[in-house]
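Heads up, the next two complexes both have chain A, just with different partners, chain B and then chain C.
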Partner chain A sequence: MGQAYSTIAFDPAKCDGCGKCMTACASVKFDSTDTTRSLIQIVRSGGARIEPPRPGEFELALCRQCADPKCVTVCPAGALGKNGATGVIDWDASKCVDCLLCTIGCTYAGIALDEHSGRVSKCDTCEGKPACVPACPTGALRHVTTARIYNEVGSWEDLFAPGLAGCQGCNTELLMRHALRRVGPDTVLATPPGCVPGMGSVGFNGTTGTKVPVFHPLLTNTAAMLAGVKRQYERVGRKVTAMAIAGDGGASDVGFQSLSGAAERGERILFMVVDNEGYMNTGMQRSSCTPYGAWTSTTPVGEHTRGKSQDAKNLPMIMINHRCEYVATASTAYMEDLYEKLDKALAASERGFAYLHVYSPCTTGWRFQSALNIEVARKAVESNFVTLWEYTPESGLHFTRPVDKPLPVTDYLEAMGRFRHLSPEQVEHIQKKVTENLRFVRKIAEQADEQ
Partner chain B sequence: MHTTDYLIAGSSHAALEAINAIRMHDGEGSITVVTRDPHRPYSPTVLPYVVSGRSTPERVYLRDDAFFTLNKVDYRSGCALAGLDPAAHQARLADGSTIGYRKLLLATGASPVVPPIPGIDRVDYHVLRTLDDATRLRAAMAGSKNAVVLGAGLVGMHAAENLVKAGASVTIVEMSKQLTSGYFDEVAAGMIEQAFLGNGAKIRTGHRVVGLEPGPEGATLQLDNGDTIPADLLLVAVGVRPELGYLDGSGVATERGILVDDAMRTSVEDVWAAGDCAQARGFFTGTPVMNAILPDATVQGRIAGMAMAGDPGVKPYPGGVPLNTYHFFGRHAISVGSAAVPEGGRAQVRFDAASGRYLRAVFDRDERLTGIFGVNEFFDAGVMAQLILRRTDLGPLRERFFAQPLATGRELMSQLWR
Partner chain C sequence: MNTTTTEAAAPAVAERTPQLMLVEGNEAAALGVALARPDMVAVYPITPQTSLVEKLAKLIADGSMDADIVDAEGEHSVLSVLQGSALAGGRTYTATCGPGLAFMFEPYFRTSGMRLPMVMTIVTRDGITPQSVWGGHQDAMTVREAGWIQLYCETVQEVLDTTVMAFRLAEHHDVMLPVNVCLDGNYLSYGASRVEMPDQAEVDDFMGRKDVNWHVALDPLRPMAVDPLTGGSGGTGPETFVRYRRGQCAGMKNALRVITELHEDWARRFGDSHRFAPLVEEYRLDDAEYAIMTLGSMTGAAKDAVDEARAAGEKVGLIKIKTFSPFPVEALKHALRDVRALGVVDRSVNFRWNCGPMFQETLGVLYRLGRQVPAQSFIGGLAGADLTVATFHRVIAETRALLERPADDEPVWLNAKD
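Showing the complex of A and B:
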């Protein structure tokens, strides 16, 4: 399997050209205040405009640590090479003969002459801790370390059967496989009726769809059964993770009583909800998590009704009121965030009840193209339609992906068919609800900060 | 008879890029490399630094044995291609054996031209193209007092500087009126000349050597004006030319080099050529040219490898653009593109005597960059080459571009190909 690497990402929309990254780089690398020596160069693209205008006035000249580096192919001295472990294009000062050919090879101005030393210089990502990133006050520079997940997870055992019968473009398979890989083989899994067993977790023809013990409780008793199984294991002295992967219907409607009970008793289980905002597996009926205005087969669009006429229940906020060991919301558009939360939930489930609520767009039921699942998930977060946060009784609630400049909610609504019929009044209602929800969660987050 | 899917003749830049490109698309097809050189791959470009002692022969190799094992390449050094039978898909080697191939790449580079000066066969002289040449030259340089370099191209000039720094009295003899012609214009060449003169070198431009005699120290050169110059070390660096004797009778079309199309295909089926041995389309002329530079060898090697492996991602060769970098006595010179001013176009020049910064940029009638040349003025040559290849209309930006080629080039890059 290939290797993934960490990278420095730049968001031109956030860069205001302050140049603090260059100051930091010149100082760390050359102990100099001369920003022309910085290995990261912020370039004003506006002045030289010859193309139609684009958002953002600033761009970047920085080595991309190419996978197919031209600088390496033209170096006659073997002084440049890709480091297989870090992905960085390493420069060997002792082999370099200062011929400058690499500056011909690179089309990105990633390696250039440092006139002070007379030698070429290029970014080496500061051994994995780039000094420019923390120096950036606007968040335009980010050090993306998601690569860790792909490298690590790729080597863990996939505990689901190779073929799962999900709809085209569904991200639940991604979620199931990643989550179970992380939780590992010492797991007992409960998958109540919904898309997850529908896709094949409970198996076919007498064999399970997982490589761990899996059972198929009723919608109503998932948390109760799982708690019982976990207690029995504890009684015989075996350490296993008791995990549920349930839909929002099973958790927020008929299954809520047993879920609430298990959380209140502090059962040591990990309860993951895949929230696709309805009973999608059985034909797209509404649930208490379906948002206002959404079309479902039981909230049709016609002469009398225009989609669901009630607002969604905020289940994760309700779970906080059980003072669980851990409660978090997550999204497959932010895998790094999801992984961190999965790690914490797993650890918390050894002490008490851990609840992880994953927002999961449904290509079939929400009506969007199968290639756009992650895009829709991202827009939900970027418009604050959903918020990503985590909670523990000790430190309270904290946003993990705060959105500075939220997209208008219409950007999200227009991304799918189930909201196509909305009237301006309905859109206004939804935008208000988004604001109100955000205000509510923020209040609780602020109170956590005051502690 | 040994047979192979891909046979590659040569082991330098063009060959190494072709191996990468083939393996990117075809992980299994057998690859055999036959090369005349007895060593592992290295670059001719690094040799001046072996001569100067900046680098050493052990440190210049571009690949180790593990690379060939990992990429399943049968690497045969000291094994020159001697003949070709394209109809039978067979190559004959210098030791008399034959190899059958499915596809063949000729990446045999170029060799120094040795001019037919009367008496040259009776004197000892050096050339610089192989690692063994470099080792030999370095040894000779240590004891040299009177050295003569024939030819003022970049190879000759670089060697001359090494000789000056090693303490020899050095004379550079060049047929044309100007040093480094073809790389740099008069002004830049004048700066280079001043630097050499200032460091004690003698320069005899506009002169031809008409005879060579064995002399008391080594050789005595006779110039066309009757002057004689004694030399205990003579370096011949008047240019390079591919040695293509192995193609005799093969039907592969050649002119000054092996003629290739934009996929590096020769006139004969299943035979490709790339690098210094190939004569491919020139970007400016549109006609086949020799563009014997390292970056172009890698580009051509890549295209050839992709085409040979049937990689659908292969893009046609955009045409060769001259690209050079050169250091002399602590200064640097960069040249990108063509020095000639196209019809209706213009050249802009600036020179700052205090800092020694010199810049010349050439634009065509549509305000597109066609060449840029600097001494002590750094700009990103790779970015400039892209501006030329993309035929970028600089329009109203031309003045600013000329004032600040580094910054403006990067700005354009950030809009056009990020």
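Showing the complex of A and C:
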């Protein structure tokens, strides 16, 4: 398996050309206020002439740290080379003959002549902590470090067998594989009835899809059964992780009593809920996590009803009130965030109840093309339809991906078929609830900040 | 110092003086549990079981019992916690009754299917509704198709002894099934009686090595998928399901033999005051023309009535069922071989047949025996009603009448206002 690297990503739609990234770069790299020396250059697109400039009219001149770097190919002196460990194209000043062929070879204007020194200069990503990214006020620049997951996790054993029978484009299978890789083989895994065992994780007639001990609890007793497993191993002094991958229905509806009881008792369990907002494995029936207005097979659209007529239960907020050792929400679109939370949840599950609520869109039940799963998941976060945060009893609730300029909720709703029938009044209701929910979570986060 | 003299003063073998105690049935059950040394006890209080789990909690709090105790949020989780513990290798115990048993039915049915050895006392309580908190066998009888072994006790001593034996029975490799020890709510649960405490060291020897999850486990050192899907109409699905079900029935059948062996071993170790009929007790039955059948604590009053009737010249005997599930067909065939009329007293109702459950099961035994014996169902002691010696004199008289006339299809409702 090859190596993957972190990268600086640019979203032109968000860039307003303020130039703060260039100021930061010039300052850090050359202790200068001269932004022409910056190794990152924001330039206005050739055709745009209307003043003042608008977002979307700027382009980026920056070294892409290419996998197939043309600058390296054209360098006659061997002064440029791809660093296998960091992925950065390193420039060796002692070998460089100042021919400038590289500046012609690069189509991104990623390496250029620095007139102050008379030599070429290029971005070295500030040893993995690029100064330009935090300087960007609009979020147009992001340091994408997902490569860490690929590099580290890729070497860990996948504890599920190939060929689990999830629907095409299902993120839950991806989530399961990632989560178990992280949690590791000294685990007892509970997968209550739903999509997760429906894929074959527990198995059928003598075959199984999982390499760790796995079982079907009842839909109703996952947390209690795991508590028994964990306590017995603690009694005999063995370290075993007791983990659940449960659906939202089994957690929020019929399994809630068992979940609540185990959380209240502080059972040392890692309880991960995969929230696809309904009973999707059995044909998309409503659960208490199904959002208002959504079509499901038990909240159909007809003359008298227009999808679900109640708002979703906010299960992770309820879990906070159990004073769990750790509670967090996550999304399959933000794997780095998920991994950080998984690490914390795993550690917390040795001290008490750890609850991880992962939003995972359902291509089949929500009615969108399977290729769009990550996009739908991301829009849910970007519109504040769901919020990503974590909670501990010591430091309270903190947003991990706050969204300052949210998309209108219609951007999210229109991405899928289950909301196709919504009336303007229903959309208005949803937008209002999104605002209310956000205000509510923010209030709790503010309390934590005051402490 | 003359060591020889000292040695001579001590007996060669210490005389075992049994520890005598006055305890209620619930306390006796708790003491039996402690003797069996479970790893985990999960509890949720419910009348009339409550004093039993309170006693266990105290034993554990005082350090005189080394077990983990889980105060779960309901009976459903109680049994589920124990299933997890058993799958990880723990010896497990709980107690419940009535509505609590109804609430735990979902995991209850599953315990036998997973072949998890486990002991649960049912401090029997009548079914609601009509609302009641009093004794009756309706709870235990209602779940009799769930694959658990059910043993009914007559006395407080039998409660204590049977509780210990139940653990070994459950874990026996030929059985591997969960066991209910049924003790009558009110009459046994709160009835104080003299008991002899078995010696812990001897009990340890009787119990042998704990062996709970050799056949099914959730253990990273032995990874397996527990309870994957079976059944359906294709592939090996149907036969897999059937194999499991037949295994449960085989375990049940084996239990009849193992229960008998364990009772014999127990009585041999601890003496005649610890000797109980394992399956069916035949009381003054040898030359009896007719017999009455009983279950649980009512048997004491029934035996007194039989003794008095015998003294008056009646040729009546008594058959007590101890092992209700698996139903002791062969032992009961033996008891019924010469009986010419039969009265069966149930403390619960079989709604389908308009009779008592034990009565209806016994009809099946008579069929196997190939005998047409006039038999009458009596239903009494519901919701805590007392079954007195006088009650059993009525039962004896009405059963005796069957020697002269056919039985009535209607049950006789004892404790009823006609």
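To be clear about the criterion, the second predicted complex is superposed on the first by the 433 of 451 C-alpha atoms of A that agree within 3 Å, B and C clash if a C-alpha of one lies under 4 Å from a C-alpha of the other, contacts with A are read in each partner's own complex, and residues count from 1 in each chain.
By definition in this document, a residue touches a chain if its C-beta (ideal position, glycine included) is under 8 Å from a C-beta of that chain, and two chains touch if they have at least 3 such contacts.
Since the structure is predicted, the reported quantities are computational estimates derived from the model, not experimental observations.
Using the contact criterion defined above for the overlaid structures, shared-chain residue A:Glu446 touches neither chain B nor chain C, since it reaches no partner. After overlaying the two complexes on the shared chain, residue contacts for A:Val240 are found with chain C alone; chain B is out of touch. Once the two complexes are laid over each other on the shared chain, residue contacts for A:Asp16 go to neither chain B nor chain C. Contact with chain C, but none with chain B, is seen for A:Asn205 once the two complexes are overlaid on the shared chain.
Applying the stated contact rule after C-alpha superposition, one finds that A:Leu60 touches chain B and leaves chain C untouched.
In the superposition on chain A, A:Cys106 makes contact with chain B only, while chain C stays out of contact range. Taken together, the chain A residues at the contact with chain B in this complex read 41, 43-45, 47-51, 54, 59-61, 70, 73-74, 76-78, 95, 97-101, 103-109, 112-113, 115, 118.
By the touch criterion given at the top, residues 13, 16-17, 20, 43-46, 49, 54-55, 59-62, 294-295, 298, 302, 323, 325, 327, 330, 332, 334, 336, 378, 380-383, 385-386, 392-395, 397, 400, 407-418 of chain B touch chain A in their complex. Residues 39-40, 42, 68, 70-74, 76-78, 80-90, 92, 106-107, 110, 217-220, 222-230, 235-237, 240 of chain C touch chain A in their complex.
Within the complex formed with chain C, the chain A residues making contact are 185-188, 197, 202-208, 210-218, 220-221, 223-233, 235-236, 240, 257-258, 260-262, 264-265.
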